[in-house]
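Order of writing sets the chain letters: A, B, C, D and E. Residues in each chain are counted from 1.
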Amino acid sequence: MSSETEEASTPLLMRPLNWLETRGDAVFAYVLLAPAFLLLAVVAFFPLVRTFQFSLRADAIRSAEPFGEFIGFGHYQDLLTGNASLPQQFLDLSMETPILQQALFVTLAFAIISVLFETLIGFGQALILDQEFRGRRWVRVAIIIPYAIPIVIQAMIFYLIFSPQIGFGTEFLNSIGVFESNPLQNTSNSFIIVLVADIWKTSAFMALLILAGLQSIDRQLYDVAKVTGASPWQRFKYITMPLIASPLLVAMLFRTMDAMRIYGLIDATAGCQTVPSMSCLVITALNQTRRWGSASAVAFLTAITIGLVVIVYLIGLRDSEAGVT
Amino acid sequence: MASVTLDSITKAYGDEIAVEDMNLEVRDGEFLTLVGPSGCGKSTTMETIAGLTQPTEGTVYIGDRDVTNLPPKNRGVAMVFQNIALFPHMDVYDNISFGLRLRKYDQDEIEKRVDRAAEIVQLEGMLDRMPEEMSGGQRQRVAIARAIVRQPDVFLMDEPLANLDAELRIHMRTQLQRLHRELDTTVIYVTHDQAQAMTMSDRIAVIDNGHLQQVDPPLTCYNAPDNLFVASFIGSPSMNFFHGSVTDDGFDSEFIDLGFDPEEVGATPGKDATLGIRPEDVYLKRDSEEATVPSDTIKAHIDVLEPMGDEVFTYLLLEEDVETSAEGRGEGQLLLSLDPQTDVEEGQDVEVVFDRHEAHLFDSASEEAIAHSLA
Amino acid sequence: MASVTLDSITKAYGDEIAVEDMNLEVRDGEFLTLVGPSGCGKSTTMETIAGLTQPTEGTVYIGDRDVTNLPPKNRGVAMVFQNIALFPHMDVYDNISFGLRLRKYDQDEIEKRVDRAAEIVQLEGMLDRMPEEMSGGQRQRVAIARAIVRQPDVFLMDEPLANLDAELRIHMRTQLQRLHRELDTTVIYVTHDQAQAMTMSDRIAVIDNGHLQQVDPPLTCYNAPDNLFVASFIGSPSMNFFHGSVTDDGFDSEFIDLGFDPEEVGATPGKDATLGIRPEDVYLKRDSEEATVPSDTIKAHIDVLEPMGDEVFTYLLLEEDVETSAEGRGEGQLLLSLDPQTDVEEGQDVEVVFDRHEAHLFDSASEEAIAHSLA
Amino acid sequence: MSEEEPEHPDIAAQEQSEEPDLDRGVVEAWAAKMISNPDRAYKAAFYIATIFFLVTTLYPFFWLLMVAITPAGSLGDVGAFTPGGFDPSSFIEIFGPLSDQYNINFHRYVFNSFLIASVATVLTLFVASLAGYVFGRLRFRGKTPLLLIVLIVSFFPPAAFFVPLNRLFNTNFDVLRPLLADGSLFNTPFAIIIPVSALYLPLSIFILMTFYSQIPDGLEDAARVEGTTRLGALFRVIVPLSAPGVATAGVLTFITVYNEYFFSSLMTDGRPEMWAPMLEGVLAFRGQYEILYNLMAAASIVAVLPVAILVIVAQEKIVSGLTQGALKE
Amino acid sequence: GGGGGGENEVVITADQEYKDAEDSVVDALYDAGLSEDIDVTIRAGDFESGERQTQFVSALDAGRGDPDVFMMDSGWTIPFIVRDQLVNLSDEMSQDTLDYVQNDYLSSAVQTASDPETGDLYGLPLFPDYPVMHYRKDLVEDAGYDPEGENWATEPMTWQRFSEIAADVWDQNEDELEYGFTTQADEYVGLACCTFSETMTSWGGAYFGDHDNLFGPIGDRPITVNEEPVHNTIRMMRSFAEGPDATNAHPDYQKITNTDIFGMTEEDARSPFTGGDAAFMRNWPYAIASTFGDDESPVDESMYGTMPLPYAVEEGEGNYEGTGGSSHALGGWHLTINPNTEQQDQAVQVLEAFANEDVMLTILEDVGNLPPDPAVTESANPDNVGPIGNFLDTMAVAAENTVARPVTAVYPDQEPLIAEEVHAGYRNEKSPEKAMSDLEGRLEGTEEY
């Protein structure tokens, strides 16, 4: 039996780790963060800086080099005043553009409504999946599986359901007067279709994260609460809610950001002309009209909008028991 | 203010039977202590009463109500958990007031009660600490406070004082007793501390391996244990045992013989029996007058002295070559408790007597007690 | 096999100072017990030695190495945590073998050691249980086994036996002592159990409120406490105190006067002083010959009898109308320990003496001990 | 505690549950039963909700199946609950003769995606674990700003990264030449793995951060004393104990990468042998002039299988809350 | 970027159909004189045109040398040309070939492969594509008409007559037919480039005045969408879908379909026709092969007829040069050379080989694409060119009456605007006048770029 001091001859590999551990929290933290930030630097920060530079240059649609002269914040100005050379506008406060044709409002409305419903539904699903019952394994798969559907397919399903020729959805909804005969051509109808499609798929995301949160709560705490006299609702309110607050917040935060970047689903169902989201605008400018300066500016405006929403979020939820940080 | 009755309770976890056919009646207002070796089923019993665990068989009554299927919150019990289980996301105040807030007491009343409870457990200045910022003993006290702010019918306390120092433990013991008197609540208590069991309890329930062994007032358990298990379990340091048999005229074993009339004490000659003598009933020959009825002199040899401050545990070997084992005392070993001033040393030969009045005789086969005095 | 030295260790959590300027040397192979009230800084001290907490100031040495900045795994320590801290995702076997597996011991060796450790803590049949399937005491034993399978230089054990019953506790105590002897490991131990502290330790370190009070062999702490705190903390039930002052010819207090030559014992007349007498040094008048140097007779009145089985705690009131308080003994109360056979009853008037040889005198202002015998 | 207690809440609570038995109508009686036996009411509500969720989540799949088994010519006849005909051969066709005609090796696309998603998931989980540990369990200066910087990446639409990345990945790096055919990342799995790993990193970091931060310090302490480094404790104790969170982050990353649209469609030239992902495979059934919806549907169902299997496997982890019995607090 | 393949290998990203016919096409190239040293590999590009465009953009922007030759949609070749991202064939190809292309190729196709300003050739037209009216000869005949006798296959009729016939046929076959007529009227690229453009032209309307202006000069051409013929085009489509009495519908035209067409693209329009649920269909020639290739289709060759697209005003009577008369949007694809290729010379040789009648015939026969040199069609043996062989006469008429897309550098900006506003008019979200005046304003914005 070897005594433990013999293992003083630490393997070479471990030495840097040992060294690290004695550096104090800050150095340790920075070193562990290095891989993440390296990856982000190459893939995110560097491109973003470039993209920002692009956004300050004119669109050069007829030269190989897609960027023209430096024009400062010209694109931003055009975008915010409804004068962008894009088929749809980002924001047009003069309201010459219908409100559901303004990317900012379309996107905000979409994000708010979809996240609201997804949270509620996801919560319900998670609570069910948290129970013990026979066959729960399969129910769980069934509930999570929509999230696994590729966007193309998700879009195809809803596109087909509501396409006038193939789908049965239009006929039915049209007959009860909810939808017009060509809902995928109608902005408000399409908006609802996209919303439903998104909620169908993405509730599972919320359900998953909330479920994971529920599962990591120490069951013993429920015992204590039970004996202390808590009803199921009170246990939920005082134990479950505060303890899953942070996973829930994270889920909602990321869902909101994701919802505000919606593109693929719209593109593949109603089309970006019918429901122009902010990301739609970026892609249209990038791929369709090859206005890369404008596209970059829209991308940055999108980011700023999302940033503002996130700030509102964080401020609004700061007082709640568990902050994100 | 309610009695608690366990009627043929059995609790099995899969194959593992934690509690078997337990019948126990805790009287209204009684302070009952459950004792028993680790893993014997004490916590399981408590959980069954609290409703946290469904008994596999049997019925639980609180007062006259069958509560077997009632959820914990409707049973009117408060519990201190063995593993403490504070709410990690609440500070001390919120942890303590949790039950009151659930019942929508008004703010003033809650504050008054929390302050009072915090005072009892001596945590006055710590109400805004989080559990993770407290020491082990402090956490345990929060758990106690959380239970005592409420005024339930039944208190269940699973080792509430395990992490407290002697002084605080005595303080808390006194406080709990007073609380018990004041509220007239039924208390079911688990402890490994003999002093607590002896001083606080109206009765002690001794459990071994899921089976109830004896339920009696502390001194009865101490002085008249029903069986070998209780005799060995109650009392610290524990009883000395000698395995032998009953003869026509007394008890005969390798190391100690004792003359008495078997018939008188109810023993059957020829049967295997075990003699039990508590360490404090063994005296040095010269102190033999302290024994009510001194036995014959026994020659022995001091093996180890274990000074405890107020007494010295003295391990004797009755024969030179007795094999000493670390696993408790073996045959041929005898423990007695001496005054620290006594002038003895390891290796010395001594003569001892024991108090026949306090000697216990058990049937080796059934392990039942035969007699509690062989005077 | 290494000494542990704390050099001016201070640990503050924000404003809260858990340990202040602690200097402690634990000798190679020594068994040192830390005792002190709940929240006094015992666990913090242990964590500092283990390297789990960085001291705010000061240096930790193990052997000759300054380990202050060494990660725990390189310090050669094993620890039993007060909060047990089993890995909930591992069964008992995996919990126990965790440290060995990390060190890539071979399979056979691991199995051998785990079996041995499981045997020591009497968990042989439970190696494939998950922590959540075990009782409190069983979990604690797993934690002990996890520490003892390794052969570290230093064992740190924070209340390892808190959840065990008396018998098992004694068993474990013996096992740990034996292990200590066999491995010759330095052991630093925290306990609230006086019996453990007294019997196991080479020395006891008494801590109060983050400050080291006394480091001495158990009997020294018991018989010659350095100050009032140690005197009151060590020993259960604790010492009786009388507050008074030193006069030209002895000690004077409301209830007890005592004549002696202040100069001889090193007391300064006119200063406030406290007299301390342990319960076991108080005798009924009729037993006064047991006292080495009996004091004058004191008249008293039996308030409460607390039978403990092997002894009866007897609470005396020195004057009829003394106010009794639940918060420990007040002035004018005196506790003595009687043999259960003694024929006394509550309300009875008695005369008692105490052993002057065992009386302690403390300076009330500085709380330092002045003398440990006033014979 | 005050002696005169105005009301006894525990008793009050008990009394409420006592229900006098009166004659009532069937519905009333049922309702009363539900009230007096809330367990039963919960159960009923539970089953209703379960069935509701099952129907709503599964129906579109059912319909997709209806589309898949409808022959190409009868797609117009697919009803809400009935296929437009019966021709399950599309499930064979996507691998078989028809797909040869269109040169679609659908299984190869699925394999590519599976591989890309697996590698990206492992990479992301590893890097995010380190970062999640730092953000969740350590205190140090600059933590909040760094966290915000990570978060900001999620503000941008993927397109914002595309132009510079496209140029970068098409640049030939001589150092890469021994590894990659022409020294550039285009048409290699890395061209997808690297950007998607980075862009989905923030989500994983945040998920893991919240879960790691909830593991009691005591367990990490125990592991460290037993002989691990802090990193060792992370991977041996904190990660397994955060199984629900880690599995969730893993599943989400895998699914997202597997289904990723933007980079997947741009970072390869669309050929399966050039690591084009499943997305391209599905899209290959769609053209300007002909959309083989039934084949797309069949392909989708097939493409979802790996993910479904993953979910079945991972869900065990997702529901393995394990902190009980860990600590005596 | 490196080359697309090894030495002397020329990689062409083309349609799947070319990949399938790779052997015969490549043999034809060798027969046409291509050096056997050059290996030609055909790779299938993305099925979807827009997707392929995106991929080419990213390849060219990234400076990738793979593939060597692109097969580009005539709808989006010009933006690449004006950005100078393709090899200028006028500098590289032999004068003979250039002459052949300039003189004999369908000139509207050549235009979409040339620099609008300099006229330099950047792409070699591979095949043109133009829609025709497909119809159910059997139903029409049963309804009492005589397509053969009236030479429907080559003589265009007016929209008015067409709508009466279609309404009548639909009426007579009410039970079987879901639609009298299907077309592409969804809001998508095809609306601006094709269906609306050609119908408007047949009404005598134009986007930018005379057809000379289709390819520019940007900013210096009139915007002529807000005019009577254009409004009427919208009104007529509304009548087709909702009947002559609907608001903003044209009273002279019959209801021959329903609003489903406003969501239809190519396939949506084709499937009912192939399925036997529609009597008339405006679509590309591929629909012929698709219908006959579909085993379940009730429509066989004997029931199938084609004719040139109808018109509203006589040729030459429109407001602008090039308008009026039967008009067919010109689609089709070009071959262009990647300037980053390392095999430029070989690629040029490959393109030269494509400019060969026999290669065109091979493509017509094996791939089913029409030759860019209309004269070649005449020399084709109808029996050898598959289902399309029966309809070559109609194709020839269509080829003579094509209208090119207004592809300029700003077309990508304009196309979605046109689609959006026209579609708004179709669906009566706006009156035709309002929609077109909005469009006029928005197009002006894009012309200023």
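In this section, contacts are C-beta pairs under 8 Å (C-beta built on N, C-alpha and C of every residue); 3 or more make two chains touch, one makes a residue touch a chain.
Note that the structure is predicted; figures quoted are calculated from it, not measured.
Traced through touching neighbours, the fewest hops from chain A to chain E number 1. Chain centroids computed from C-alpha atoms place D closest to the centre of all protein C-alpha atoms shown.
Of the two chain pairs shown, A-B and C-D, the one joined by more C-beta contacts is C-D. Centre to centre, using the average C-alpha position, chain A and chain C are separated by 58 Å. One simple way to say how far apart two chains are is to compare their mean CA positions; for chain C and chain E this gives 96 Å. Inter-chain spacing, taken between the CA centroids of chain D and chain E, is 43 Å.
For this pair, chain B with chain D, the centres built from the Cα atoms lie 53 Å apart.
Shared interface positions of chain A, defined as residues touching 2 or more other chains, are 18, 21, 165, 218, 220, 229, 243. Among all residues of chain C, those that touch two or more other chains are 71, 82-83, 103, 133-134, 136, 150, 163.
Among the residues of chain E, those touching two or more other chains are numbered 54, 61, 271-272.
Note for the complex: chain E touches chain D at residues 1-2, 13, 16, 19-20, 43-49, 51, 54-55, 58-59, 61-64, 66-67, 266-267, 270-272, 274-275, 277, 284, 286, 290, 294-297.
Chain A contributes residues 59, 61-64, 66, 85-88, 163-165, 181-182, 184-186, 271, 273-274, 284, 287-291 to its touches with chain E in the complex. By the touch criterion stated above, chain D contacts chain A in their complex at residues 9-10, 13, 42, 46, 49-50, 53-54, 56-58, 60-61, 63-64, 67, 75-76, 78-80, 126-128, 130-131, 133-135, 138-144, 146-147, 149-165, 168, 194-195, 197-199, 201-203, 205-207, 209-211, 213-214, 229-231, 242, 244-245, 247-248, 251-252, 255, 258-259, 261-262, 278-279, 282-283, 293, 296-297, 300, 303-304, 307-308, 310-312, 315, 318-321, 323-326.
Contacts from chain C toward chain B in the complex involve residues 13, 16, 35-39, 42-44, 82-83, 133-138, 140-141, 158-159, 162-171, 174-175, 178, 192, 194-195, 198-199, 218-219, 222-223, 232-238, 278-280, 290, 292, 306-311, 313, 326-328, 337, 339-341.
Across the interface of their complex, chain D is touched by residues 47, 50-52, 71-73, 77-79, 81-89, 98-99, 102-103, 130-134, 136, 139, 146, 150, 156, 163 of chain C.
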